[in-house]
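Look for chain A in each of the two complexes below; its partner is chain B in the first and chain C in the second.
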Partner chain A sequence: MAAPKSVAVFFAVLNLISLLPFIAFSFSPDQPTDRKILVLLDDLSLKSSHSIFFNTLQSRGFDLDFKLADDPSIAVKRYGQYLYDGLVLFSPSADRFGGSLNIEGVLDFVDSGHDLILAGDSNASDLIRNIAAECGVEFDEDTSAMVIDHAGYAVSETEGDHTLIASDEFIQSDVILGSKKLEAPVLFKGIGHSLNPENSLVLKVLSASSSAYSANPTSKLSNPPSLTGTSISLVSVVQARNNARIMISGSLGLFSNRLFRSGVQKIGSLNKYEKSGNEQFVTELSKWIFHERGHLKAVHLKHNKIGETEEPSIYRINDDLEFSVEIFEWSGTSWVPYVANDVQVQFYMMSPYVLKTLSTNQKGLYHTSFKVPDVYGVFQFKIEYQRLGYTTLSLSKQVNIHSCVSFHKFC
Partner chain B sequence: MDRNLGILVAALLLVASTCESAIFNPVSESHRSAASELLSSADGSFGSLEETYEALKTFEVLGIEKKPDIRTSACVSAVKILSSTSSALKDLFHALRVNGVLKCELNDQAFPGIGSKLKDSLNGASSLLDFYYSIGGLILIKDQTSEVDVHISDADRIFRSIKALSQSDGRWRLNSNNPESSNDAAGIALEALSGVISLASSEIDSSLIATLKNDISKLFDGVEKYDDGTCYFDEKLVDAHGHKGPLSASASIVRGITALAAVSSENLNLPGEKVLGLAKFFLGIGIPGSAKDLYYQIDALSCLESIRGSVPLILSLPATVLSVTKKDQLKVKVSTVLGSAAPPLSVKLMQIFVSGSKDASVIDQKLKFDPENSVHVLETLPTNVDVGNYIFSFEIIFDEPEHKNKYATGGRTRVPIHVTGVIKIDSAEIAILENDLGSVETQKKLDLPGESAVALSANHLQKLRLSFRLTTPSGQVFKPHQAFLKLKHDSGVEHIFVVANSGKKFEIILDFLGLVDKFFYLSGTYDLQLTVGDSVMENSFLQPLGHIELDLPEAPEKAARPPPQPVDMYSRYGPKAEISHIFRVPEKRPPRELSLAFFGLVILPFFGFLAGLFHLRANLKNFPKSIHATFAILFHLGIAAVLSLYALFWFKLDLFTTLKTLGLLGIFLMFVGHKTLSHLASTSAKLKTT
Partner chain C sequence: MAAPENPQQQAATIRHAFGNVLSFLILLLIGVLAFSIRLFSVIKYESVIHEFDPYFNYRVTQFLIKSGVYDFWNWFDDRTWYPLGRVIGGTVYPGLTLTAGTLWRIFNALNIPLTVETVCVFTAPIFSAFAAWATYLLTKEVKGVGAGLTAAALLAMVPSYISRSVAGSYDNEAVAIFALIITFYLYIKTLNTGSLFYATLNAIAYFYMVCSWGGYTFIINLIPMHVLLCIVTGRYSSRLYIAYAPLVVLGTLLAALVPVVGFNAVMTSEHFASFLVFIIIHVVALVYYIKGILTPKMFRVAVTLVVSVGLIVGFAVLAVLIALVASSPTKGWSGRSLSLLDPTYASKYIPIIASVSEHQPPTWPSYFMDLNVLAFLVPAGIIACFMPLSDASSFAVLYIVTSVYFSGVMVRLMLVLAPAACIMSGIALSEAFDVLTRSIKLQLLAATENPQINAGDATKVTPNDAVKTEKSEDSVKERSSRKSKKKEKENVEKASSVSRKEKRLLVLPLEASMIAVFLLVLLGAFYVVHCVWAAAEAYSAPSIVLTTRSNDGGLHVFDDFREAYAWLSHNTEVDDKVASWWDYGYQTTAMANRTVIVDNNTWNNTHIATVGTAMSSPEKAAWEIFNSLDVKYVLVVFGGLVGYPSDDINKFLWMVRIGGGVFPHIKEPDYLRDGQYRIDAQATPTMLNSLMYKLSYYRFVETDGRGFDRVRHTEIGKKHFKLTHFEEVFTTHHWMVRLYKLKSPKNRIRGKTKKSKSKATTTTSSKRIGARKKNPWH
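Showing the complex of A and B:
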């Protein structure tokens, strides 16, 4: 009996080994390619009506796995390993997901560093609202409400209720929206959300104008709407502390071929654009979401006395030291040198004793030199780099500072 | 899927859920450009012959002349399959279809062979697809050459064996072993049966046709219908690639009934409203994003364009937002689904409903036809139409009554119309009132919309009153959807009030005494901002009115704190201020000479000591001699080594190395010291005894 059992175990192990290459991990600087994305849809026809968006993702090398939101075979995790690197939820009306996925599953997926794109729409389900709420974004509680803007709508011969909004209030960030300026306004038709003011991780990428409000367009207003003006966010992003990135849009139509191809003219503006800004906006934003931009890594953190190359174990006070670090940004295919002029190093013990801006050689190397403070103790070289849209760099290296007199040898 | 398709319609058509009427536009130029974009592959070829045919058909229907250079490669593969004797049935069928479109140079010798092969397989066929491909192939041969006799003699038998696969609900099974029935298969079966009828050498038994008609009516009973008149055939079986769905099923059935209507001698009595609903379904999809879906849509629409008995006519409006101020004219266009001209007809505006209410006014007015642009124009809007949202109901009347049996118009078409206009705003004023008396303290006129910068001040015992009047172009009171007064404190706290209308006037009175709690007892400057807007108001505006200086009482202890305001996200990031360490200033030292002088003074007693030793005539005569001298010397050297070790420790060594060396030196010193001291002790003992 023992022999068949061992054979079975052998095959099980063999299976596991053959599965290993297919198991995907979250974005990791070591293995940044081969990315799989699960797309959950309300209806398979969305595949066709939103095909431009999906095609741009596929052309950038992503492997999309389309499933209906209530497909019983949905699983994001197997044997403790995640099967996907990203999740696209284009299922605003899903009350629950099929298979083993639930709201905790989605949050765990994000908590383990994976990316998420979530699209709500009018009559979004509680499930979608709750996922958004867990990410720090509150959709308007009134389920029949839509964002209306009588002074910022898109001119249309056929849409007369001013819920198709042309918004050009973008976040000022080249890393999130790309360096090419968005000329045409973005068309939006859907629900608005507000951000929790105490949550510093969530950013408003596309906001409504000051004349906008969120209400049911067909019923009379008796109370002031809960969301008005520029506090309404149309599209928001979250960068979690583990560098997982989340995009939350109140409109599924934002990604649709129809609005991608549609021309746009904002009321009160003479500029008429052949094509709305949606395609550029969504494409650039998705590049950021899937870490093709704004993902930094710092390597080769190095320090030594001036004139030496070896890293000493201790420094004495008043020594002159050199510090250098290399920073690279992921471009979607390779690591390229990151160029900026605001990288700073701290020489830190309880509080920074020295904080200096590093000079750069424009090829990713940042360096500086300074004199060791005349304070003995255990110090750290610390890089804390937090910039809008970039992943946070936080690294440190410890050194001791000794005196040059002998009785301090006893410490 | 029903629920999902609800989303499809909602998402794709972007139809407001409350609106039971919607506009569908026929296929237009944007379809053509999208098709050329979608179907232009890099190397000018398509994956399979099936895809090639679909692309060719789409181009043909849309009238795109400039076919990408696919003719050569497609013809080569089609001819290869047609000339080969071992080609599969399906490949033969698709190759014949491609050949039918492209008219490749194929020698006519191939056709008889294919024809007999198809006939053989038809006799042995058992599954629906086998029938479909064989019959379809034979029909294609019939169209492409006249030299092959494609007539089937036992048409009744084949008809019956296809019919045997049908289910009681009008659906079909793909083969007798498969219990699952589908709408897609029903469409395939209908198309195959129409082929049997047209290929039959003798008349088909009329009772068979009658049962088939019955099947079709059952099939149409199972159609899914939406409020806006859209109909589609649902598909329960969705294959893994998502190619089969409501779109493909509906397209398949449309193909089937069109083919059947074309060949059957009697009228199929297709329900016109449902055929129109199907047309609306295909048009409502907009422009599909995949080549397959585009083919299904365009192919189905081209079938509907020519379906016998009920060609759907689409009533569309180029613009549904009409301005009374600009005197826009209501224009209605009637065309077939692919946008070609409709037969002579006239359009009547029957009724106008006010959106959201049941009130309807009966108009019954004929629209004037403008033959130049082929649109029907309503030159002036009826007098009772003011700005607002309406639903207009139109009816199509044919000039020639017999067209009624040829076209499907679906009775009355209801279209939502937004009538917009410039709203007149007057008697706008803002005032501060005394609380108990209601007397006016200050009152200012406002220019709306325009520039205004009032500066008011009030305390908590006073009231603020804002009033204005809105009238429509026809002099009626206008009630906008959005009339907000916003007060914004310097700290960023905002309060929004809805300005309500009282009779003819819009008025809001803010009694600050009742609002102090809501205002968090925050005194100071509040900016006033008025927003008036509506979807039918062309001059919607957002206007800063000025500011009010509020003097509110001190907050009691239990009062609520103002909510936190969002921090500006740009200020959270950015470099920090540099810090550089301030070094301790080295202590002040005396000049070098003075230090040296003191050093000399300190060292002076040492020389005195040496001099004293000399004076006392100290000597080394007692230093051990012979072998003992070695130990004594080693002992002194050892002491010197310890002292130098201390010096090294001062300069260089750490405690552990020093202690280790000191331990070794100590053992050595103990040994030589003991030797020396014992020698000294023995010599002194000797001296004592002697």
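Showing the complex of A and C:
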């Protein structure tokens, strides 16, 4: 018995060593490729029924590791290092995960900067609901409820119960959904969720139409439904404060080959599309989730007196100074210059004394110049850049401002 | 020396020489005594900088030595008063640091490699020896060598001065008292000699005093008062003019060179008295001059002229003065100075001044503690000064009177009183011994000797300033009997009752004299015993390290402060900001090298009030205030576990008052139950929810199970609570310093917690939900 055990340990160690270079702490700009994603499934048949989605991920360079949700060998973390960079939970009915993974494990995974795709469904377990709730998304508490839309369902051969709805209420953001406009509505069949409007971190990406409501389709509606109209979110994303991104969908079918391929016609609409918008929607959204879009970095924060290049340790009051910073966006393969005209710098001591919009040279360099205010103190150059879909840029650099004093009359 | 023609004269010369050597040796020993009596703190504890302000001075000295004096003047300190910063070079009295820096350089140049800390620790004892010698010089000018030696010996060990100058007490007062006494000495010396050389030295000494301590305003008000007194009592002389006019002109010019004083030397009311007297002395000088060159009749005409012109000029000056004073916001007086004139001013208007214990008026016991027998000898000394009232002795009287008043206002100013008390007591003791020993000697020699020889003991005079001192010496002799009678009455009642029958004779009965001498020696012995006790027990604690004796005699050391500061310096980022009440600001910057929000240099009331408000607010509001100031850590001092009384909970009401003074939503009555400050179950909810309460008593109940506070002697009101926005990162061994970190905002914002309704569906899942409650995001 001892020999196999030691062999196992040996392989574990070997495995660890081989993994080490690829174990990235969150989204790593230096090692963005070779990203490993753990996919947890209720049933291995999902692997084939959702193969288009998985294939697009693999074709973009992701290394998918499929496991059953109750597989006892699941481990996302070993010796304090995460083995994966992303987690896809396609296991809406799992009551518990196998191995060492539990709800805290999933949340820790997110809190250390990793990304998560979570799909609920009409039979979503408490586990899945709780993970969503921890991220600020609340699925309808009625476990049998589904989103029903008698005015926005997708036309199909059979009349059905109007739970397959076609929605085109997307979030208006090129960053999240890509620059190519989504023409066809997205087919959705699953449960709805609501968001706390005060929660600034969570965004409604696909919402239900105003005629939708959430109820049990098989039974008669006795009470008014708790979720109605556009407050129902079908697909939401969360960008946590550490820039970890989470996608929560109330439908596993959203990702399925069947809905990817099927045509769509919304009731009451004359436009009939050969192909639903699901594939484009899910692919573009997954790009955003896995930081292939909308991830900014600011580097080379520089300031100096006009006419000099050295960064001084101290400025005198009324000095003229130049400030520059370079901002880049991750394109999936490389860092490209980020171009915008709304990046501002604050010269801050308890309140901003100077607030200036930076001008850009279109190559990622943002710069401006201004006069140091006539106040001494410990100032900060501050950039607080928060735009929809982009990661938050929050930088500051401390600098001292001092007035002219004795022995330096010519300063 | 020629042939021994005159044996009597030769004997006198030899005695004179012996006297000089003897007094030199005595002075040397006094210096050694002054130095060594202050070493108790080093021996009992260790060679460390004490308390609060010395840490700042130490840090400034380090900077001075590292960066040089030019960078020192330009030093903008970004480690304190974040984010305002402080211009150290322009706001600090540089005398102490420059002195210690120079000492360090000298030692290094002599290849004596001392650390900066060592030099700083021993600066105060060294300057105490200098101060004792300066006292000798000053008192010698007033009443001769004997009084000088006595006064120097008394000053070397006066507890009031020891309390501020033990080894490690590296504060401005350490050098400032020396500067004060030497300035007074040079003033008296100039007054006695009329030498411009001494007048110049006097201005330089005054400059050193201005460099050293804000208390220089005492000098620049006391000397004009004395000049005015001399003029009023008709003692005007050219010597007075030489002593005063150069001091005002040179002294003011030099004072304006010190950055912290700058134009204040001519702009603030504290200095106006000197200018007014400067004008008066010129008017008087003019009058005397005109009186000298005119006939009496012409003089009368001139007087009317001068008086009318003088009145006009006087009114003009007065108008300018009033305009100047009225135009300045605080009527030209700074808060600390105003509280000198009106002792209730500070407690009424400026809580930040009133909150400092050393700004409180002293209690009677503290006079006895700090001055001991000197308090009883001072009146005798004052009387002795009147025996012949000379310019010098009138100055001494004025000095003691004003300093007694000021010491009654602020306990810290006892320090200014101490030298005056020593001088007076030295004069009193010396005169008493003079009379008594002379009586004994004369009685023993019987009537055979001529009483005229008694030139010796008390009135040894250096031959340099012959003219002046001869006069005073004569007058001393003339009235010594009456003087002695009065002194006896004050000091030793037995002797005085006996001496009453002596009217004209210089001698007292032998027995009475013997007993009186014995009693005086006993009195001195008590003084020495008290001083040594005070130096060893009362004033040697560095307050950064505390000790306590357990019942079995073992010594227990509390080194929590350094433990906490060391933790900060090792476990936090260099640029992290630490918030604490301002008392601990200097120590945090000096020992932990971390940025603080407020410190002991309480120059910005609003900023201190912001911290006070944060400490008085509930957790969330406090978190927001601290976060807006980029604070990472909060430091609180808590004495409830070991019974350390000067902790933050006891200072908390001051935080509330200072905070409420600027931010009116903090109201003091909210923290008091029926006017009482309490932390037990009766305390108000505002009190129990304030950040200071929570940070002090967090997990306190875990120590003994019921949360008994040993300082307040009560069980605390709220025992079990959690912190939501702060987390405890470090608590020292005796819980005296507790460090908390501001939690960063939550990474995710949670939705509503699931209701139990859904859990009823499956029992298995509900179990897990129960277990989930432990998760750290709850």
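Before moving on, here are some points about what is shown:
Operating definition for what follows: the second predicted complex is superposed on the first by the 381 of 411 C-alpha atoms of A that agree within 3 Å, B and C clash if a C-alpha of one lies under 4 Å from a C-alpha of the other, contacts with A are read in each partner's own complex, and residues count from 1 in each chain.
Note that contacts are C-beta pairs under 8 Å (C-beta built on N, C-alpha and C of every residue); 3 or more make two chains touch, one makes a residue touch a chain.
All values derive from a computational prediction rather than experimental measurement.
Contact with neither chain B nor chain C is seen for A:Leu321 once the two complexes are overlaid on the shared chain.
By the touch criterion defined above, A:Arg96 reaches chain C but does not reach chain B.
Ranked by how many residues of chain A each touches, chain B and chain C are led by B. In the superposition on chain A, contact is made by A:Met350 with chain C only, not with chain B. Of the two partner chains placed around the shared chain by superposition, chain C is the only one that A:Val110 touches, whereas chain B remains out of contact.
In the superposition on chain A, A:Ile165 makes contact with neither chain B nor chain C. By the touch criterion defined above, A:Ser200 reaches both chain B and chain C.
Of the two partner chains, chain C is the only one that A:Arg129 touches; chain B does not reach it.
With both structures placed on the common chain, the touch criterion links A:Ser49 to chain B but leaves chain C unconnected.
Taken together, the two complexes place residues 195, 200, 406 of chain A in contact with chain B and also with chain C. The touching residues of chain C, when paired with chain A in their complex, are 70, 73-74, 76, 78, 82-85, 87, 89-90, 259, 575, 628-629, 744-755, 757-759, 761-762, 764-765, 768-769, 772, 775-777.
Within the complex formed with chain C, the chain A residues making contact are 95-96, 103-104, 107, 110-111, 125-127, 129-130, 132-138, 141, 143, 195-196, 199-202, 238, 240-242, 244, 314, 349-350, 376-380, 398, 400, 402-403, 405-408.
If you check the complex, the residues on chain B that touch chain A are 1, 3-5, 7-8, 10-12, 14, 16-18, 23, 30, 34, 238, 242, 245-247, 285-290, 293, 317-321, 355-356, 389, 416-418, 420, 479, 481-482, 484, 486, 494, 496-498, 500, 531, 533-537, 540-542, 563-567, 569-570, 572-581, 583-584, 649-651, 654-655.
If you check the complex, the residues on chain A that touch chain B are 42-52, 54-55, 66, 68, 92-93, 121-123, 148, 150-151, 156-162, 164, 171-172, 189, 195, 197-198, 200, 203-204, 210-211, 213, 215, 217-218, 220-225, 228-229, 231, 252-253, 256-258, 261, 318, 342, 344, 346-347, 352-357, 370-371, 373-375, 386-388, 406, 409-410.
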